[in-house]
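Since the structure comes first, as structure tokens, the remarks are kept for the end.
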Amino acid sequence: MKFLSFSGWKTRMQALGLALLVGVAGLTGTFDVLAQDATAPVAEAVAEAAAEPVVDKGDVAWMLTSTLLVLLMVVPGLALFYGGMVRSKNVLSVLIHVISVFSLLVVLWIVYGYSLAFSGEGAWIGNLDKLFLKGVTIDTLAATFTDGVSLPEYVFVAFQSTFAGITGALIVGAFAERVKFSAVLLFSVIWFTLGYLPIAHMVWATGGFLFERGALDFAGGTVVHINAGIAGLVGAYFVGKRVGYGREALKPHNVTLTFVGASLLWVGWFGFNAGSNLEATAGAALAFINTLVATAAAVLAWALTEKLTKGKASALGVASGAVAGLVGITPAAGLVGPLGAIAIGLAAGVICVWGVTGLKKLLKVDDTADVFGVHAIGGIVGAILTGVFYAPGLGGLGGDDFDMGAQVATQALGVVMTIAWIGIVSVVGFLVAKLVFGLRVSEEAEREGLDITTHGESAYES
Amino acid sequence: MKLIIAIIRPFKLDEVREALGEAGVSGLTVTEVKGFGRQKGHTELYRGAEYVVDFLPKLKIEAAVSDEVFDAALEAITKSAGTGKVGDGKVFVVALDQVIRIRTGEIGADAL
Amino acid sequence: MKFLSFSGWKTRMQALGLALLVGVAGLTGTFDVLAQDATAPVAEAVAEAAAEPVVDKGDVAWMLTSTLLVLLMVVPGLALFYGGMVRSKNVLSVLIHVISVFSLLVVLWIVYGYSLAFSGEGAWIGNLDKLFLKGVTIDTLAATFTDGVSLPEYVFVAFQSTFAGITGALIVGAFAERVKFSAVLLFSVIWFTLGYLPIAHMVWATGGFLFERGALDFAGGTVVHINAGIAGLVGAYFVGKRVGYGREALKPHNVTLTFVGASLLWVGWFGFNAGSNLEATAGAALAFINTLVATAAAVLAWALTEKLTKGKASALGVASGAVAGLVGITPAAGLVGPLGAIAIGLAAGVICVWGVTGLKKLLKVDDTADVFGVHAIGGIVGAILTGVFYAPGLGGLGGDDFDMGAQVATQALGVVMTIAWIGIVSVVGFLVAKLVFGLRVSEEAEREGLDITTHGESAYES
Amino acid sequence: MKFLSFSGWKTRMQALGLALLVGVAGLTGTFDVLAQDATAPVAEAVAEAAAEPVVDKGDVAWMLTSTLLVLLMVVPGLALFYGGMVRSKNVLSVLIHVISVFSLLVVLWIVYGYSLAFSGEGAWIGNLDKLFLKGVTIDTLAATFTDGVSLPEYVFVAFQSTFAGITGALIVGAFAERVKFSAVLLFSVIWFTLGYLPIAHMVWATGGFLFERGALDFAGGTVVHINAGIAGLVGAYFVGKRVGYGREALKPHNVTLTFVGASLLWVGWFGFNAGSNLEATAGAALAFINTLVATAAAVLAWALTEKLTKGKASALGVASGAVAGLVGITPAAGLVGPLGAIAIGLAAGVICVWGVTGLKKLLKVDDTADVFGVHAIGGIVGAILTGVFYAPGLGGLGGDDFDMGAQVATQALGVVMTIAWIGIVSVVGFLVAKLVFGLRVSEEAEREGLDITTHGESAYES
Amino acid sequence: MKLIIAIIRPFKLDEVREALGEAGVSGLTVTEVKGFGRQKGHTELYRGAEYVVDFLPKLKIEAAVSDEVFDAALEAITKSAGTGKVGDGKVFVVALDQVIRIRTGEIGADAL
Amino acid sequence: MKLIIAIIRPFKLDEVREALGEAGVSGLTVTEVKGFGRQKGHTELYRGAEYVVDFLPKLKIEAAVSDEVFDAALEAITKSAGTGKVGDGKVFVVALDQVIRIRTGEIGADAL
């Protein structure tokens, strides 16, 4: 296993990268100890054996619905969630970043992403056999978690493409309001290729390193949220703070939009979480109800935490709480019971308040939309607690031989590997983007706003 | 003729307008402004940051008045706009050299 | 049957309550006359007998979709519908009320709501056997209206939880812009426990008082809309009028948002209405097309009524018309034919214009978002007309022995019982909330706006 | 195949009408040459034979979902897409036009639309056998493209009603900000009756002129988009330019809303395109993934074209690009492979930039929301390219005997017929509306804005 | 030097700006305001309530001018802003004590 | 007493407010305005059309000051608002006849 080397920008980043490397190396030694049978219900990407696999139209209906729900999460969901949080002079730039990165990654997914993620059974990455969807036709199938039950492969390709797309789009919230559009696009390609595809393969594909070790990640807590949160954090460091940060009030220009965005994220997330069951069964229903109640609990938890610590519960708070709950329940969605889900939602809601306040201050970073504080922190909370509430005694679906300690260790391994891998890839990505295009617009352009200066228009007129 | 410029609390607009009407002022122009003064703003919370909102929403009323109604107008405003709490606002008076009604070309007090 | 007694706050409220009590008492005497076999297609909550019940993935797909559609109705749908109608200084408070009440009730639904509503066959309320979803697992099933066809119980729990949540959220529109947040939350819990759960049980659960009498309420005209409308009306009286009401123009700050909200309510309502069929069959399709055409008819009816009576058709009007039509068709959705649905839509559209204008003036109440005028009035129109257009001769699904007079009487009974029960519970709820927290913010806080004073933020910045 | 020349303005329109008539007559003579077996997978409206047709609940679930997605496209999708593009003084009028026209057409669909479009097998129009849905019940079925697989007829009626509704609603964007509301409604009825119903019948119904000739139009490229684009263009000519057009900056008042609208159009379009498969099969999945990737490609293509030609990629551009891609892929959705879809998306993205800039200047027309430049141009690009990428060698589903030249000619025939037919009908419709109500509000009302002057309200208050 | 304050109809802005430009006025500042005067507003309908909109959207133009161009500027405004209907607006003139261009520190007429 | 009217770049507000505060000015009123002057606006693109945005967003600050602090206030503004690039804005000074504090009825310099 080789990692890319890189050289100085901020020594802080180097230190971080090195520390992560060491951490991973250390953990790698414990893999055999932690390893256990991959009994977790994760996808065998494409059916190969399975005599006469059956395709059920109910599954197809649900999975198509789920796929479009993930699109709904991105546009307009995420775009509004982020767009409302920036100043009105930058809202269009955020919308453009979100839709462009998503579009770009969806196209790249067809070109080589799907193949590298889901074709072949290597430990770290797939192969290029399905470049340009070669061999994928209206007749090919993809396996579900149930033997003998398949989906049209196009369904699986489409569903997974939206996961890649949303992960990339999540990142851009961290350095909004000052980043160069070209740099965002270049970074996205690098991160997608070297970061997202390997992690997705490792976690979800047969033969994948973490998949084989039994790491539980029902719908993408590590692959999507920790991943995006870390890449965002690195980006926020590299791009630097906004002009006026810490002095002026850099307020959301439209909290209503942010609320709408959070609401659509909640609605769409059922596709994300219950769709990850790949079938319209009671398992999907469990993932569904967990996604409902964990989020509700997190909304209440965030509001209460704000009320107790600051005296007032805010709308930005309930919106953030919803997202925190959603992130937290993602890895656990189909694996824990509703009470476990409520517990995870409460934990994510409370801890992420700290993620966007105390921790954020500690990190001295200007993460515009708190991608790190919500997605990475909430993702870590969820990943670890999945290992806890999977326990049958706590209402989870784990078997009688479930070993909580071992599972939590495996979960931690997944978290640390993702942090390390994505941390390094992100550093590389931003360094390259910096060299090629530069990362920031001029201070004058930033003052005037990216909408006018980069995109030639302003969002609002009377 | 005088130009009266009054900074008032937004919710006082209707009262002030009525009072001015009774004082014989037939027209006025209103602008939404932000005021900074003794009155303390609320604290707003955003993720990881608190801002004291120094600038409070106020309305600026501009009314051009003839010398005859000037005193009545001033009194109308000060009476109708007050609550007795900090932040009630101020009235500024400026001399007007000339007034023209665009529609008719009338000038001076006739134009008011 | 005992009702709670209460004493004075406004004599007006007492009089209302008493009148309702008397009305109910009178009607109760006629129950046996009205009673008939419960042939109406309403749910047996949980399958018990049914040898080898079948779960169809198509049903699961549709019901999961329906459930998330109801969530879409609440956030962002209802939140925007109401949020656009208030002044910009209060929009966030409305959004927070809607999402918090919904979240709270969904969590309480898991804790005791589902059990009290759907476990056990009492006439008035269920039992506590399924507290904390005890005994509900990935393997338990819930019955549909078709013998031998079941759903995973989690689907039913989730679907029904959103009904409870939206009903509570609907109420808050009536006293927006001046109510205390804490009072809203406390009232919601009281109303949910003493009001919503009994009514839902009575109407939808086997053994329920109205269920057994054959009251028709396909998707919740009484349980949801009349219920919310009455609670809202009582709340608007108790909380009192907004400062400036009747003198200043208390205008919607953003009619576009209200329009978007109404649109999403329309879209989501298919989950509400066609989802209430519990299966993806022609019955769902009938409920679906009725929900489409009744709403279209109501939009046109409201616009035309406004044009004729005021000279101009407004956007707030078409948005309100859509909601009125949706409310009206709710109890009838799967029971009448498309022409009946159009008739109901037209009636609801026209009559609710009066509900929010003439009647509102009569009642001398400041119902901010016209929860009473649209949801209670539209709900009553729909409940009664369901008894009419259910007739086979009018295109409805009623059998050949259908007796319109008897059915309309039964429908009226359901309406009156709901009004009485919820009226009393709401009075109790608001009295308690008044005692504990007080119902209103200070006049100064109201002037400055709840967003800043209660929630510490403002919605819009430039 | 000849194109028409014309001169003059009022005379120009007259000439256009005449020329179109002549053109159609001329083209009709070539039909037999172009005709070929109707192997295209288009619907037989209602099952008649089919011993024991099967209804699958998965299909019902998907088709109900698809139908509501088309509603989502209209309200709030299209309403916001257009509403954001106009000035704030006219936004409500646009919202009202969109929802009213949709509502009106949905009701008319029940009254006579469905019958004229899908009952009977004439070449040009159906019959009146199903007036007021006579004979349509909860037990009647509609055929799908697969023998022996049916849908409840109500599903088909509802699905198709939304197509009629959205097509009418699309038109109103072309002459927004100055048209009379009454004229819009009257025109819509004329155009629906004489324009939409015949074209829908010709293209989609058994026996229909174009259907029998094998014109490929998977989801309505001609029936919906070219149709709406042409009607819009004619309308923009008839109604005339907005006051100030060409001199003042008539800017979108809220590009964020337009972006949200475009996003919801994307999300909803899966119902439109993948729903047109009528079953939840791999065919729907193909239409689905094509709708995803073509749009993504068009977003990138439009942005890049703007960047290269104007120096800046705008948000209005990416939003328009998404819609252009969606329009382009519509006729091809279930017929080409994903790479073909990407190609179509790229083509539509690039060419429609010209449609809304260069071509628009040439046409000297004030098409407010560029209905012609995006829907007609994108529709034509898509219709023609469907004939290209249907080729099996290019990844399409065409058989081995596929003849690209002949198919493209058939496609062109469909395009020209639609342009001619709708052109003439629109001229008639606007002339009648002009005579009856007049087409434009007064200049003073236009200056003040339609919201206040026609609808008595304004959208935004503080 | 004078400060000319004109209240005009919003759609007249471009015409007025051009006219002022021709009259030799090189800069101006525009504010969105609400005007109350003789012109009647429309009635707006909201559920169960009708409001007469007294306050109509207007634009306020402020232009500081030197004494040389003053007369031409006044005429430019009154000519270009008129429609002859009630609500065309007013022009107010106030004496200016001083003008400074922030960028250069120039003062007086040079700063205009 | 003088009324100082300054047109400045929006992002300079905080600096100017602080500078004025140090100069002894305790209150001010801010309005969002659009300015037209030498500074060139950006070109905005809309479908098939390009518009040069002549009017740029500026802030107008109005501060009533007593004669004592007048000079310091002027200097504070010109120093804190400048960037040296075209578009920094202007300061206009108008004589104030009267000032009244609504809350207390104080008049003249006491009211500031």
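Read from first to last, the chains carry the letters A, B, C, D, E and F; within each, the first residue is number 1.
Assume a residue touches a chain if its C-beta (ideal position, glycine included) is under 8 Å from a C-beta of that chain, and two chains touch if they have at least 3 such contacts.
Each chain and its UniProt protein: B, E, F = P-II family nitrogen regulator.
Remember, it's a predicted structure, so these values are computed and weren't measured experimentally.
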| item | value |
| --- | --- |
| Contact-graph separation of subunit A and subunit E, given in steps at minimum | 2 |
| Partner chains that subunit E and subunit F have in common | B, D |
| Interface numbering overlap (same over half, different under half) for subunit B and subunit F | different |
| Distance between the centres, which are taken as Cα means, of subunit B and subunit A, whole angstrom | 52 |
| Subunit D and subunit E: spacing of chain centres that average the CA atoms, whole Å | 46 |
| Numbers and ranges of subunit D residues touching at least 2 other chains | 56-59, 61-62, 65, 251-252, 254, 310, 312, 314, 316, 456-458, 462 |
| Junction residues of subunit E, two or more chains touched | 31-32, 44-46, 53, 94-95 |
| Chains that touch, pairwise | A-B, A-C, A-D, A-F, B-C, B-E, B-F, C-D, C-E, D-E, D-F, E-F |
| Residues of subunit B defined as touching subunit C within the complex | 11, 14, 42-46, 53 |
| Touching residues on subunit B, where the partner in the complex is subunit A | 44-51, 53 |
| Touching residues (chain side subunit B, partner subunit E) in the complex | 3, 17, 26-31, 62, 64, 94-103, 105, 111 |
| Subunit D residues within the subunit F interface of the complex | 249-252, 306, 310, 312, 314, 316-317, 320, 356-357, 360-361, 370, 373 |
| Subunit F contact footprint on subunit A (complex, rising order) | 244, 247-248, 447-448, 452-453, 456-458 |
